[in-house]
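Letters A, B, C and D mark the chains as written, and numbering starts fresh at 1 in each.
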Amino acid sequence: MQNNINYRSRDSSEITYLRAFAYRTLAHCFIYPSKSWISELPGWLNTLSSILEDFGPSTEAVVKTVEEIRKEKYSLQTLQIEYTRLFINGAPSVLAPPYASAYSEERWFYGPPAIRALHTYQKAGLAFSPKSREMPDYLLVELEFMIHLCQNEMKVGKSYGEASDIREEQHCFLTEQLMPWVSVWRGYVETSDRAGFYAKLAALINEWLKTDAVYLENTGERSIA
Amino acid sequence: MGVKDNTLSRRDFLKFSGGLLASSFMLDLDSDLGFLVPSAEAAAKPEKGEKKLYGECGICSMGCAYIAYVQNGRIVRLEGNPKDQIAEGKLCVKGYSSLNILYDPDRLKYPMKRTNPQKGIGVDPKWVKITWDEAIGMVAKKFKEVIAKDGPQAIVIFARGKPHLKHFAKSIGTPNLIIHNSACDVTHDIAWESMVTGEGKGRPFTGDYENSRYILSFGWDGPGKSKNKWGRAINNALEKGAKLVVFDPRLSITASKAHEWIPIKPGTDLAVLLAMIRTIINENLFDQEFISNYTTGFNELKVRVQQYTPEWAEKISDVPAGKIVRIAREFATTKPAVVASHKRDAGGPLYSNSFRTAQCFIIMNTLVGSIDRPGGRILDRKPKLPKEDEFVKYPEYPKGVKERIDGMEKYPLTKKGNFSTVAQGILSKKPYPVKAALIWKYNLPSFPNRLRLEEALKTLDFIAVSDIYPTELTELADVVLPEGTFFEGKGLKERKFHAMYPQMALVEGIKPLYDTKGFKDVLYSILEKMGLKEYVPDKEALKAFSKAKDEALGTTKEEIRSNGGIWTGDKTFKPKTEFGTPSKKIELSPSLLKEKGFDPLPYWIEPKVMPNKEYPYRLIIYRTPWQRMMKTQNIPVLMEIYPENTVTIHSKEAEKLNIKEGDYIWVESTTGKIKVKAHLSEGIRPDCVAIDHGFGHRGKGMTVAFGKGSNEGDLVPDMTIGEMLKNPDPAANSMWNEVVLKIYKA
Amino acid sequence: MKKSLLIDISKCLACYSCTVACKSANGVTKGSFRTFVHPYESGAYPNVRINYAKHFCKHCKEPACVAACPVQALYKTEEGSVEYNNKKCIGCRYCMYACPFSVPLFDWHKSQIEKPLIQKCDFCAHRVDGGKGLACAQACPYGAIMEGELDKMLEEARSRIQNRPDFYIDHIYGEKEVGGTSVLYLSSRPFGEVALADVGAKPVATRSETSMAGMLPGVTILALFLAGIRWVSHRREELSKGKEE
Amino acid sequence: MVAKSEPLFSGIRGFLLALTLVGLVVAVIRLIAGLGATTNLNSGYPWGIWVFFDLFLIPFSAGAFTISAVVHIFNQKQYKPLLRPVVLAGLLGYSLTLWFLLLDLGRPDLFYNVFIYLNPRSFMFEVAWCLSLYTGVLVLEFLPAYAEKYNRKGLQRGLTTFGIVILSAGILLSTMHQSSLGGLFLLMPGRIHPLWSSDLLALFFLVSSVAGGLSMIILISAWAFRAFKHHLDYRMFSGIARASVWVLGFYFIMKIVDLMGRHTFGRVFEGSIQSVLFLIEMTIGILLPLIMFASQGVRESKSGLIWAAIFVSFGLALNRTNIAFYGFDPIRVATYSPYWMEWIATLGGVAGAILIFYLIARYFPILLVPEAEEFAEARGASFTAVAITLLAIGIILEGTNPLWSGYGVWIFVAGLSFLIASLEIGAGKKMMKGLQNAKNNN
């Protein structure tokens, strides 16, 4: 692809903004479907695909998935049914709960991964909003944390030392917390999703996380050098 | 947040403007994320170490107060609260493992509605998550429609008889609040109410067994059901030299600790009791002082029991006359002595004569002066608190139809509903059709012959279910209203059922894990949405009520917290000298029964069914220490200990039928048949088989419980109200054990 | 201080609180148990008895499993407990054979990736739930499990027998069995009925150790013997050769 | 050497190859899926067919140390042609044993812990170390064939120099683990049927392994020579047969005396399955071959010798299975019969071993090398010095540092091996010469 982001020539805070936006968009795609959500979905996906396109050949699969999602039409109710069935409660039973603990050794929620996540948030100076009723290892919470980290990176701007520290933090959370379980979770979603949308979305999230991890690794080396 | 000023390149801008409105450029987190907020405190003081949280275990009615240890917002372990007179620092196996319920991935998390019009067990309802507003709106709308078209009686509410539920039913005007008492303790309830506590006052659960010197049990297996206070009490009593005698067709855990286990013929405890009462009265072994000061009707009783000689009882019950007489004498002469009882013992809803058996329990305890005396059965000692209705006033309730769908208006003493007759009532549409149901934490296997109820519920237009778990019943629901676990509630709880002195337990609760709501709130919201605001308690009044409660206790929650989570009232035991009956005495020949047209005195009633050639075995239902009804089967560790229920068969009988330990066998009654794993034992009467309750979930949503074991309730017949009325029982009990069976290898 | 547990079988009501508490306190994974309660029926109808006994590691004074373990994964501590190091264990399962009480269990159900281990009570040496002390004793609602110092528990056991001589069997199981154990049992029924077999007062380990001790001297003697034979046989050959020459 | 015209994997060898491969696949599945999924092992019978098979395979492979002792210690040179095939068979037997042990380990990934964390009190430690060391020794004993084939002079020189040390170590290690194997069962006195549960188990295992080893020499040689269509003079086995009579006789008398001493003789005829099995073991496994070997007619008949050896091996296998299974009271109420995967892995292993034997025998100088293994002499003085040093180190480690005492044992055994090697004719001669010189000088 010609219009890949060139890490070296592009302004890094711009890239970070785009990355934050990618996380934001993916998170938005994952919220429970509503009327306004579905009407805005093509717009969000357009944006997402144009951001992702910039991230080089490794995102080819991502872009393809975006296209696929965009082409297909899903009725709101189908998506709601699938969402509920896969992620909340379903018949026969909840199939792919979007919580890290569900994929750890014990069957319990709020297991060690949740506590690990909570510690990471606290270390980054974040607390749970009193109105939220979610566990720390919920997919959206973890994606939101990545956005927070991107924002922090933008705030420190070009002071390379700090920025690379934050990048390190992002890379760490990504590879140690998010990616291990999302890759498993995605498998469950893919095998169980009847509508197809969430299978693709899960694959997309998984792909994006991998892509971002590679990006962070590359730039991490650069900033050290 | 903070990124508005980050400009984008021109190319990017063009790209974005093609896709989204400019306002979306902001990384706006608040609209649908916003779980995390910056907090300097969090960074400075990350959560470490343990926090104590007080609460009350909600697994069974004992309600042990616990201390939960919280790390990182997660409860890591539970201990019994040592200050609580019931827990005494310990919980039971179910309590200890109940954290599995709180953190169970299978739990109901958000309100949901069905989108698949087809209903049935195993049929995907195609749930869709909705908001609480929508959910409550749906229920309210439907209820209003039903009321307008078919009248409020067309709404049936299946729920425990909490005051707010009674209030809700009355407010919408339906007589049909179906409480589980017919399957639980209705016989004891009415026996106590008519003889001791007075109409509508209920019954005590408390027994000062620890200080008894002679404990008689007729099928009572409190220690064997992990009622841990009773287990300790029995252990301590035995250590102090008490004698324990157990009449039970099955060698229960209590019986395993007893001095004597008498494998009595099921359903004949009444005969033995009548003979014992006769012995104690005729040999003048009763407590003269107690009888003359605190009872009425002794002479009538004396006359009545003359016909029931020990020899007569021997013929009926298989218990030798000499043994009956000896135990009666020992019981009357060793003080204090007590007949222990709880719910589903011989005086529970098991046999056609159980009400009379329950009556005899009270008579026995009265004869030896053990009603509200140390070492005996103790009446409630609740803290004296203001009542809600002193603060919250409602307008008069609408006058609706009196007739109930379960026909219970035909029973003057029990008004709590009947699990046995409700299904056939709905199916027959008599006296009127039912259109909608609201169900709170009952599951199909809790009913006799659940298939009939399933069939009945399928005829309804609308079902709303509130529960913690996606039970098989929720698969029939149109709207699911998720409730939180007992770990997620808050408040002050009375130590009620087993308290020797007034105590209150502080319940703190962790932050709810999901979008759940307490059922009380749900009910008030429904009322509000239905336009019945006048029946929703005023917030100010509630505040005043809660303040008045604090004042009555003379303390605050903070103070209770610093005192170890328990408020304790006056501990001294003052035996009661007045009782709740019209005569203020214990009525051995109760006026209430007389008044309502029943025989006031116990008399012998044959069990409804007898083993015959085709069905040679009687069913005995029991409960294991590690399962609580249909509540705890999704706890992995408990299912690991005991993965499925078993049918206990006498080894000699099994040999005859060529059944070996662990074989799967069919157990068949006229109502249904189930496949269960066989367990051979010498500890059961040869003409009985025993099955433990709590298994056979059909709801796949409970992934651990699903498909494990079988539900013995499928063998128990349900009834029409006509059939029920044939049984001369003022309590209309469900007669769980009046079932004969055949068994054969699967 | 020697840790010890006193189990009063007559007080056990088979509720499995100990089993559950043990599992959660020690993070014992699904399908494995370190303590379990078993029912034992004896007699014939209607004179039947059922007794319930909790079985778990007795923490012998001279543990056979420690003698058996080839990699020192099982070891005896100062407090008297026998603990397990899951990083050393190779899974040979010899401890399962060696234990006179049939205590150690292997995680048969686990795949190699899940790292199967030997499961055995270690007196809660590595609790994961933040608690301290012995989880089973803390959990037991009926006073059937008592935690304390070995001497105190022996005293307690003796006084219980003294107070109810007609009730208890006049024997503290574990006081002398296999050289003494840290877990003591009291029962109102013969111990054989609840699978607490008569294992003798001699530690099992000594039998193998006596034999083991003979190994090195034996080998030395053998070596000298072989050397002798070799020398003689070669010498004989040489002599015969010499004759030929 | 061997006719190479035959196709490599045709007929029976093709079948063996297939079996080996299937066995390997099953073994890999076992090493991934875990013991529970691939075996019928349970908490009542934690050890199964692999261990039972090892218990037989080890004494059966005792032929290797027996033949080395016969040839080099007892100096019976006429058996030299049998040395290499039997040592090779022994090597394969031990390798197979180790393979089965690895399969049987709950944590095969951590097997090396055996060599890091030592518990010298444990018979299992002794067995594990001896098996590993002895397998290494057997490799060294086999090396001359390799050195010959590829003409590695240096290696050959080294092997002739240290050959006797290696061989002595092999004999000592064998004695140790053969008896330790019996010692394993000493820790389970209550579980083994009284007919077998003796304090002398270790000794019984050792003696019966010598008998088994002698029979294995007969069987393996007979088979190997027949497989490659070489002539073998069966009269050469008569000495082995005579030795067998002594060993079997000694074993038999010891067993009887032991039974009497433990006052369990009566149980031999109690009629239980165990007693019947015991009787079979004693009669068909010991008495019958004893009588057969004792008769000259049998000793001179090829089939007679082979049958007698088969009976001994059968008796040995039965004895080990009796102790570990039939006469064993399971730890918990349970039954055990091997899962098909266990059978396949076992058979695959055996097939593989047979196949490898064939291949090695086909390509290496194994059969018909009567001049093999001549050891250099006259290292007496230096060997004595080494021996004394090693013995001293071993004793010091053993005595002072409990952490290292596990290693001390093996250093001590190495010292003993040098000791045996040092006491040789040449050394004696030299010593005499030295003494004479000294006298003369004086």
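Basically, contacts are C-beta pairs under 8 Å (C-beta built on N, C-alpha and C of every residue); 3 or more make two chains touch, one makes a residue touch a chain.
Only a predicted model underlies this, so the values are computations on that prediction, with no experimental measurement involved.
Participant: If you average all the Cα positions, which chain's own average lands nearest?
Facilitator: So the chain sitting closest to the middle is C.
Participant: Which chain has its C-alpha centroid farthest away from the centroid of subunit D?
Facilitator: Farthest from subunit D by mean C-alpha position: B.
Participant: With chain centres defined as C-alpha means, what is the inter-centre distance between subunit A and subunit B in Å?
Facilitator: Centre separation, subunit A to subunit B: 46 Å.
Participant: Between subunit C and subunit D, what distance separates the C-alpha centroids? Give it in angstrom.
Facilitator: 32
Participant: Using mean C-alpha positions as chain centres, tell me how far subunit A is from subunit C in Å, no decimals.
Facilitator: Using C-alpha averages as centres, the distance is 51 Å.
Participant: With centres defined as the mean C-alpha position, give me the subunit A-subunit D separation in Å.
Facilitator: So the centre of subunit A lies 62 Å away from the centre of subunit D.
Participant: Residues of subunit A that contact two or more other chains, please.
Facilitator: Counting only residues that touch two or more other chains, subunit A contributes 107.
Participant: Could you pull out the residues of subunit D that touch at least 2 other chains?
Facilitator: Not one residue of subunit D touches more than one other chain, so the list is empty.
Participant: Show the residues in subunit B shared as contacts by 2 or more other chains, in ascending order.
Facilitator: Those would be 71, 99, 636.
Participant: Applying the document's contact rule, which stretches of subunit B touch subunit A when the two form their complex?
Facilitator: Interface residues on subunit B, with respect to subunit A: 1-3, 6, 8-9, 12, 15-16, 18-21, 24, 27, 29, 32-43, 46-47, 71-74, 99-100, 103-110, 112, 115, 122-129, 470, 475, 480, 511-515, 636, 700-704, 706.
Participant: Which subunit C residues qualify as touching subunit D in the complex?
Facilitator: For this pair, the touching residues of subunit C are 64, 66-73, 87-94, 96-98, 100, 102, 105-118, 197, 199, 204-205, 207-209, 211-212, 215-216, 218-220, 222-224, 226-231, 233-238.
Participant: Which part of subunit D faces subunit C closely enough to touch in the complex?
Facilitator: Touching subunit C: residues 31-37, 41-43, 46-47, 69, 72-75, 104-111, 113-114, 116-119, 121-126, 128, 168, 171-172, 175-176, 179-180, 183-184, 186-191, 199, 202, 331-332, 398, 409, 412-413, 416-417, 419-420, 422-425, 428 of subunit D.
Participant: Enumerate the contact residues on subunit C facing subunit B in the complex.
Facilitator: Its residues touching subunit B are 10-11, 13-17, 19-21, 23-25, 30-31, 33, 36, 41, 43-46, 48-52, 129-131, 138-144, 164.
Participant: Which residues of subunit A touch subunit B once you look at their complex with the stated criterion?
Facilitator: The touching residues are 13-14, 17-18, 20-21, 24, 27-28, 31-32, 40, 43-44, 46-47, 50, 77, 80-81, 83-85, 88-94, 97, 99, 102, 107-111, 114-115, 118-119, 121-129, 131-136, 138, 140-141, 143-145, 147-148, 151, 154-155.
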